[in-house]
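Have a look at the structure below before the remarks.
A, B, C, D, E, F, G and H label the chains in the order they appear, each numbered from 1.
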Amino acid sequence: MNADSIRKLFDEVRSGKLTPDEAVARLRHLPFEDLGFAKVDHHRALRAGMPEVIFGQNKTPAQVAGIFTRLAKHGGNVLATRADEKQFAAVRKKIRSAEYDPLARTITLFRDKKNYGKGTIAIVSAGTSDIPVAEEAVVTAELMGNKVEHYYDVGVAGIHRLLANREALTKSRVVIVCAGMEGALPSVVGGLVGVPVIAVPTSVGYGASFKGIAALLGMLNSCASNVSVVNIDNGFGAGYVASLINRLP
Amino acid sequence: MNADSIRKLFDEVRSGKLTPDEAVARLRHLPFEDLGFAKVDHHRALRAGMPEVIFGQNKTPAQVAGIFTRLAKHGGNVLATRADEKQFAAVRKKIRSAEYDPLARTITLFRDKKNYGKGTIAIVSAGTSDIPVAEEAVVTAELMGNKVEHYYDVGVAGIHRLLANREALTKSRVVIVCAGMEGALPSVVGGLVGVPVIAVPTSVGYGASFKGIAALLGMLNSCASNVSVVNIDNGFGAGYVASLINRLP
Amino acid sequence: MNADSIRKLFDEVRSGKLTPDEAVARLRHLPFEDLGFAKVDHHRALRAGMPEVIFGQNKTPAQVAGIFTRLAKHGGNVLATRADEKQFAAVRKKIRSAEYDPLARTITLFRDKKNYGKGTIAIVSAGTSDIPVAEEAVVTAELMGNKVEHYYDVGVAGIHRLLANREALTKSRVVIVCAGMEGALPSVVGGLVGVPVIAVPTSVGYGASFKGIAALLGMLNSCASNVSVVNIDNGFGAGYVASLINRLP
Amino acid sequence: MNADSIRKLFDEVRSGKLTPDEAVARLRHLPFEDLGFAKVDHHRALRAGMPEVIFGQNKTPAQVAGIFTRLAKHGGNVLATRADEKQFAAVRKKIRSAEYDPLARTITLFRDKKNYGKGTIAIVSAGTSDIPVAEEAVVTAELMGNKVEHYYDVGVAGIHRLLANREALTKSRVVIVCAGMEGALPSVVGGLVGVPVIAVPTSVGYGASFKGIAALLGMLNSCASNVSVVNIDNGFGAGYVASLINRLP
Amino acid sequence: MNADSIRKLFDEVRSGKLTPDEAVARLRHLPFEDLGFAKVDHHRALRAGMPEVIFGQNKTPAQVAGIFTRLAKHGGNVLATRADEKQFAAVRKKIRSAEYDPLARTITLFRDKKNYGKGTIAIVSAGTSDIPVAEEAVVTAELMGNKVEHYYDVGVAGIHRLLANREALTKSRVVIVCAGMEGALPSVVGGLVGVPVIAVPTSVGYGASFKGIAALLGMLNSCASNVSVVNIDNGFGAGYVASLINRLP
Amino acid sequence: MNADSIRKLFDEVRSGKLTPDEAVARLRHLPFEDLGFAKVDHHRALRAGMPEVIFGQNKTPAQVAGIFTRLAKHGGNVLATRADEKQFAAVRKKIRSAEYDPLARTITLFRDKKNYGKGTIAIVSAGTSDIPVAEEAVVTAELMGNKVEHYYDVGVAGIHRLLANREALTKSRVVIVCAGMEGALPSVVGGLVGVPVIAVPTSVGYGASFKGIAALLGMLNSCASNVSVVNIDNGFGAGYVASLINRLP
Amino acid sequence: MNADSIRKLFDEVRSGKLTPDEAVARLRHLPFEDLGFAKVDHHRALRAGMPEVIFGQNKTPAQVAGIFTRLAKHGGNVLATRADEKQFAAVRKKIRSAEYDPLARTITLFRDKKNYGKGTIAIVSAGTSDIPVAEEAVVTAELMGNKVEHYYDVGVAGIHRLLANREALTKSRVVIVCAGMEGALPSVVGGLVGVPVIAVPTSVGYGASFKGIAALLGMLNSCASNVSVVNIDNGFGAGYVASLINRLP
Amino acid sequence: MNADSIRKLFDEVRSGKLTPDEAVARLRHLPFEDLGFAKVDHHRALRAGMPEVIFGQNKTPAQVAGIFTRLAKHGGNVLATRADEKQFAAVRKKIRSAEYDPLARTITLFRDKKNYGKGTIAIVSAGTSDIPVAEEAVVTAELMGNKVEHYYDVGVAGIHRLLANREALTKSRVVIVCAGMEGALPSVVGGLVGVPVIAVPTSVGYGASFKGIAALLGMLNSCASNVSVVNIDNGFGAGYVASLINRLP
């Protein structure tokens, strides 16, 4: 333990083994991590059900399984995003209770099911093609201990589908909106609710959607003031930010 | 007159002055414009109230006044777009009945007020800053003999403002929608009405709106199938296309 | 039925079960879709031969077949765009009369062959590589009950090929122009005809064509005033907009 | 009052003037805004000190003064952003207690000074040139009833300046980070705190900063999971979102 | 034959069957292609050894073989660019003397070997990776009847390699320069020679070369005044333009 | 004179003052310019009426006048492009016969009026706004000793205007085409003529023309094979390249 | 002094005033800057003549003068970049020996003229318009205690101008190359010398130079391996990096 | 030998075989490479352990093996970058001591292991996904005779990981920093150390990282003055520049 090395330093000063000047000099060269400041801080930020997260993309099955196993020893929930079936097979061999969601492309170990949130996170998607990104947000938010409700395929070209759910949306504590193509849905949702809206542009579309740029620009320029934006297809990030908001005491 | 030169050719054939072969050879080298084909065709396309149009930007007051005066001799309506007050002053000196609309930045000579359209053109704007572009469309459509109704400041972040006018919108024969920022309004309007929607991205916005690119991309990627798009700030083009549609027999 | 719940509300008011104030309060919370407004409106917009449309891209054969079958029950035409042979095989198993067009990449069920249009839709392509996009427009327009004529490989570098068809083009009620590379054809066609032109940029080209951006920008900046634009490779959208225009009474 | 028209409808049903079926039919055509749903909802979202906001850019002094005066009648705080001194002079003539902040470019009427937030909003800027954007966030957050602390000129190239304030930052309930150039600060701050971070790219920089694009992209790609982003230079939006978060019960 | 229909028209005028006025009216509606103007013109432009060209990309082997065979009947040279081995196999079955160049990816039928050029076309490439594009230019130029010399791997980072060939370059009548990456070579070559330089940006490079954009922009901004540019990887176009220049009488 | 220093070296070798080895060593360190190779070569490239050129932009009147005067001493024609009236006034004070063309923004000293070209350079512009760029090409080509003919305002939306001049265009030895907006004109002209076409995109347009990018991309992707392109608004470059082509023996 | 506060902590532990545990706890909350680590480190990095730098752009004359005066008290050299004459006037009032270079736009106080470099920094510019950026690098490097030599107007289109200086360039310890337009010069220089080359793209150019993007991309894609790049127009950064390299022991 | 041909020229002058004038004329036409200037210079730049480098991408195994074998004859180290296992197998057949690093994708022949550097090159990577690029830099620097230390996975979102290595970093002579996503790490490292920092943007990331553009822009706009940048994923270039710096005497 690192706080120990600091304490040992002070012990040596007290016992006269080191002069204060020598202690100052040595402190100057101790790596910060050894001080344990950041790590403790980091742990505190992630306490209470916040899962450790593995970004699966470009990792071998063995790497994902290795990290997953190590994280699983901490006792909390574990989440791997952008994971494929091969990575899951490797994890499964070591941890039988791990689960794979092919839509969200997540591997999860869901042990701590306590609700840490104050309210509900609503997750909205414009079209059916946006659902994988939305589901990544769902899984992230649930693993982080939130109650989640989702409203899929309520895009702006059939505005009545959205309006039919307005009442429910306005009762959420934070709303995530996933949309590709023109990315207009967060603006409309933002105008309907009085809570923070996290917009997730998706790469759904073709031609001048430029793999999500059109949606991203649309969301950044939203005429609704309660909208902030995460990266294209970043369902995890949206779920993470929404969880932090929902867990604020 | 060019048709005359053709007729003269035939006359010379009839009178034996030219053999048919010689006539064919000569015809081969007659410039097409001298045949008058295109011009007649062009006149037909612009008949019945369709104004001749001057693009005022980068023209001197003298140039605008000169062209305006020449067009005014044809007897129909005359329109100059992207015009400023100095250009208008120059026009006014020559044609007392010309009028200037500072919002639409148009100079007009509105003589033929007959209604050539079959129905109403609805012109919708998202915010108050989009109104100048919308007004350019209004003036264009009116000068081309259409009945116009406008619905301003009905952007998507306060969707009830738009829904309050749905009934009226669905009765239009064609709808023009002007919006900057995220350019989401055409998608919502497109979902509400069953007629063609002409979307006009405006350069209204800041930062990542990139002077209208965000709105343009949003409109090109509209999830509503009845939307087509014109250039950024091109209220004139939208008014022109809408008029052609409204005048179809 | 939703209108029923409204009627029930009024019944309860008439019978004295609810005061008018209580009814107002309750109405305030009824989801809009339950009112049935939008749905009825939507149906009306799609009546009379307008096919329901499935966007096939990124859908499994089972999904496409499932939706296709459900839509086929409505009795009208059914259209799936961006479909592949596997999706068609799945549809074919359930609906024997469905047909696949490998060029347009469409699956169609063509039952209602009534002509709902007022005139002819002309569909023009610049090169042979643009034909798949043009054919998507052809199939869409035909399924929506229009008479279609097409003019392929009439690009601007051999202008005589286009001029040879000018007479026919000018008789159309609306023109669709598909072009990749520099996207110049809509401007030239726009100058030849007096009707609305729907321009479809295609991703045909290489290098600085940037998968259709060059053509898209060319069309948005067209010097012909009667041109509006849809997304890159969006033949369906062009066919849809053109049909709406052609069916205007 | 619109609820009145609904009540009148029910009255007529009760009195037998209208049958329930006739009432349903009539309701179907009532504009939504007349129902007053959205407006009431809107008012509720903005209650309790949330100021009405005027976007000053491209408005005349008379327009700003006119809207400002009308909003001032509601009794709450009033905020105009992107305002200049001329606009302020026009406002001042009508409302003596209005104030102008030349750095934030805001006109404010600050009457309701109650603290509606649960904690503190920390507002961080990378350089001195980012301060105007940060100050717009400060003014917005303060007018919306929040306690605000700011930490300016703590950019990443002198990381000790930021670390010196880490303790204070970790105690905030939400953090706003404004940065231009490479936009790296939100990532570092995001790693230090366990609360939501709202990143505001600023247009500060030159050359390949492309007026804030470099910073915007940097923030969207932040390796810290608790970061969401608003438009370039959108201090108001960040202050607004942060306020909503801070006021969550 | 089209000229026949015109002659027939004149015959009918001479025989009194048609009045000149009737003839003018009928002429007005004859399609231009029927006049045969353009076709004759087109043939003239392509006379004297200029090969017909097939763009192989996205064509089936059967299509390429079909067109190739038809063109081969005209007796001149035939060129297919962007062709693969399968297309060549299909062509070979029908025309035994056709040849394939795997580097240039061209199928050629080289029958007319007369030299139509006035001088030599020099073709320069910056690196070995640019050679396929350069070879497409070589094949094009040779089939069009030019004497070609090439200088490969003489990029600017080892300027002595280029300078060693300066004497030879200055004797060319036109120079083609192919370069990827920074695209600097045309500027240096342009400064060394006094003849037209055709620059071909190639997609060689990685990262910020953006598949040839860096080279393209470099060439468009060349500080040498005698440089003009064709599309990325467009070796054919460069060979074609250079041939036209070299054949000017 | 530099050739003198080389000669002196050889003289010293001949007289025994230097050994051949010492001469080799010294030669190794002589700056190339002192050898005079390039300069002589440069002069040859610019012989026979080719003007020296000053790029006026960002230069002070004194600088332009200074360089202009020095160049004037060589006896040939002198050209300054992108020049303003103040620069001209400064030049005029020193050289009475210098002339200013406010449209082309050129200062010229036109003394050598011999025709060095083999044929005519045709300069075509799409719209009236493109004329300044076209005129820069005209002035450049004329000063370089060419016969120039221009065809203005013959854009593609009124194709008959271009076709009316086809006969004349096909007689030119090289054609320059200036166009903004969609930049379609070079493709059409390229299809009409059999000689090299130099395309000049202009920054004329608005919105999605992006100051000439739309036209530039259009031209680079031209479906006509005889088109090469210079920088946006670079009328000088086009005139220069065309002159080189026209002067080829 | 901050090391003092640490020492005081150890003193209190030794004297029994604090237990080691209490000391650990307190240390955990000491801001890092108070530890003095970074500051001491920062000072060390900037020792020995390295000037403090003020970025003048967007600062008021009073601000620049205020910071300049404070820095001047440290005794070393002081540099303000991107400064204008008004800022200089304000500085001059307080510090008579400050100097202004209108070309480099720098205000300098040059007191420590010791040479801290090991060799010479060569600063090369492609054209005369690049000289202001090059001069900013010159001033920076000289103030940081380096011997500087510059070679201006040696762009690649007249390669002999550069080759004439090759001998001198190869003797430099590090080379800075400033170029706009196509940005080709660093590649050529990089090939001539065997030392690090710092490339500075400048915003010189027009049209498709896109204010320095063309040059920037060219430099990033340099085929010479010894080239690294700084921001557009960032002469200061290049001078700074070159100085660090030249001062390496 | 080329210097021989020069000497022979002088010999012929001395012996009277050539007059000095004839010698000057002949010299004028000798290709520069024949003089051997550049080659000698090139060899000098690459002396002392600097490996010859083969860019493997797009080369066949036979080509790589061929060049590798030829270079191996020179006796020094040989490096092939962007190489795959097939290329290695081909090399291995000819040179048994060649080695392949699958992470860095390099083939090396490491014979000269002398340390030519003055200090240590530190190579830092932000995340584990950036390691392949970092390893390419490691291999390059080691083959060029440098002592290398690396610090991986020390990205800015967990700043303590970086700070823990600060002491070591500040002792390096030059630092290479590889980072994808937001590319913030070079700015932070640049602020911690007083030596040159070479930043390498990597293509690691997704969505709005645009394959490394976000990181590239972030690095170009670094607020740390000691940062210069190489191309995306160009670990080789960074290792090369760092080696040159480290070997400066």
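By our rule, contacts are C-beta pairs under 8 Å (C-beta built on N, C-alpha and C of every residue); 3 or more make two chains touch, one makes a residue touch a chain.
Note that the structure is a prediction, hence the values are computed from the model and not measured.
Undergrad: Identify the chains in contact with chain D as well as chain H, in label order.
TA: A, G
Undergrad: Just going by residue numbers, which of F-H, D-H or A-B has an interface where over half the contact pairs are the same as at C-D?
TA: The pair repeating the interface of C-D is F-H.
Undergrad: Is the C-beta contact count larger for A-B or for E-H?
TA: A-B
Undergrad: Would the interface of chain B with chain E count as same or different, where same needs over half of all numbers used to appear in both copies?
TA: same
Undergrad: Using Cα averages as centroids, what's the distance between chain E and chain F in whole Å?
TA: Whole-Å distance between the two chain centres: 25.
Undergrad: What whole-Å value do you get for the distance between chain D and chain G if each is reduced to the mean of its CA atoms?
TA: Centres of chain D and chain G (C-alpha means) sit 39 Å apart.
Undergrad: Rounded to the nearest whole Å, what is the centre-to-centre distance of chain B and chain H, using the mean of the C-alpha atoms as each centre?
TA: The separation of the two C-alpha centroids amounts to 59 Å.
Undergrad: Whole-Å distance, chain E centre to chain G centre, using C-alpha means?
TA: Their C-alpha centroids are separated by 50 Å.
Undergrad: Among the residues of chain D, which are close enough to touch at least two other chains?
TA: 37, 158-159, 163, 192, 207-209, 213, 216, 220-221, 225, 231-232, in rising order.
Undergrad: Using the touch rule from the top of the page, what pairs of chains touch, sorted by label?
TA: A-B, A-C, A-D, A-G, A-H, B-C, B-D, B-E, B-F, C-D, C-E, C-F, D-G, D-H, E-F, E-G, E-H, F-G, F-H, G-H
Undergrad: Which residues of chain A touch chain B in the complex?
TA: Those residues of chain A that touch chain B are 126-127, 155-159, 163, 181-184, 187-188, 190-192, 205, 207-210, 213-215, 217-224.
Undergrad: Give every residue of chain A touching chain C within the complex, in rising order.
TA: Chain A residues touching chain C: 129, 158-161, 163-167, 204, 206-209.
Undergrad: Along chain A, where are the residues that touch chain D in the complex?
TA: My answer: residues 41, 44-46, 53, 118-119, 170, 173-174, 192-196, 198, 216, 220-221, 225-232, 236-238, 240-241, 244-245, 248-249.
Undergrad: Per the contact definition, I'd like the list of chain B residues that touch chain E in the complex.
TA: Per the stated touch rule, the residues are 3, 6-7, 9-11, 13-14, 16, 19-21, 23-24, 27-28, 35, 37, 40.
Undergrad: Taking the complex as given, what residues does chain D use to touch chain B?
TA: 29, 31-34, 37-39, 42, 57-58, 201, 203, 212-213, 216, 231-234
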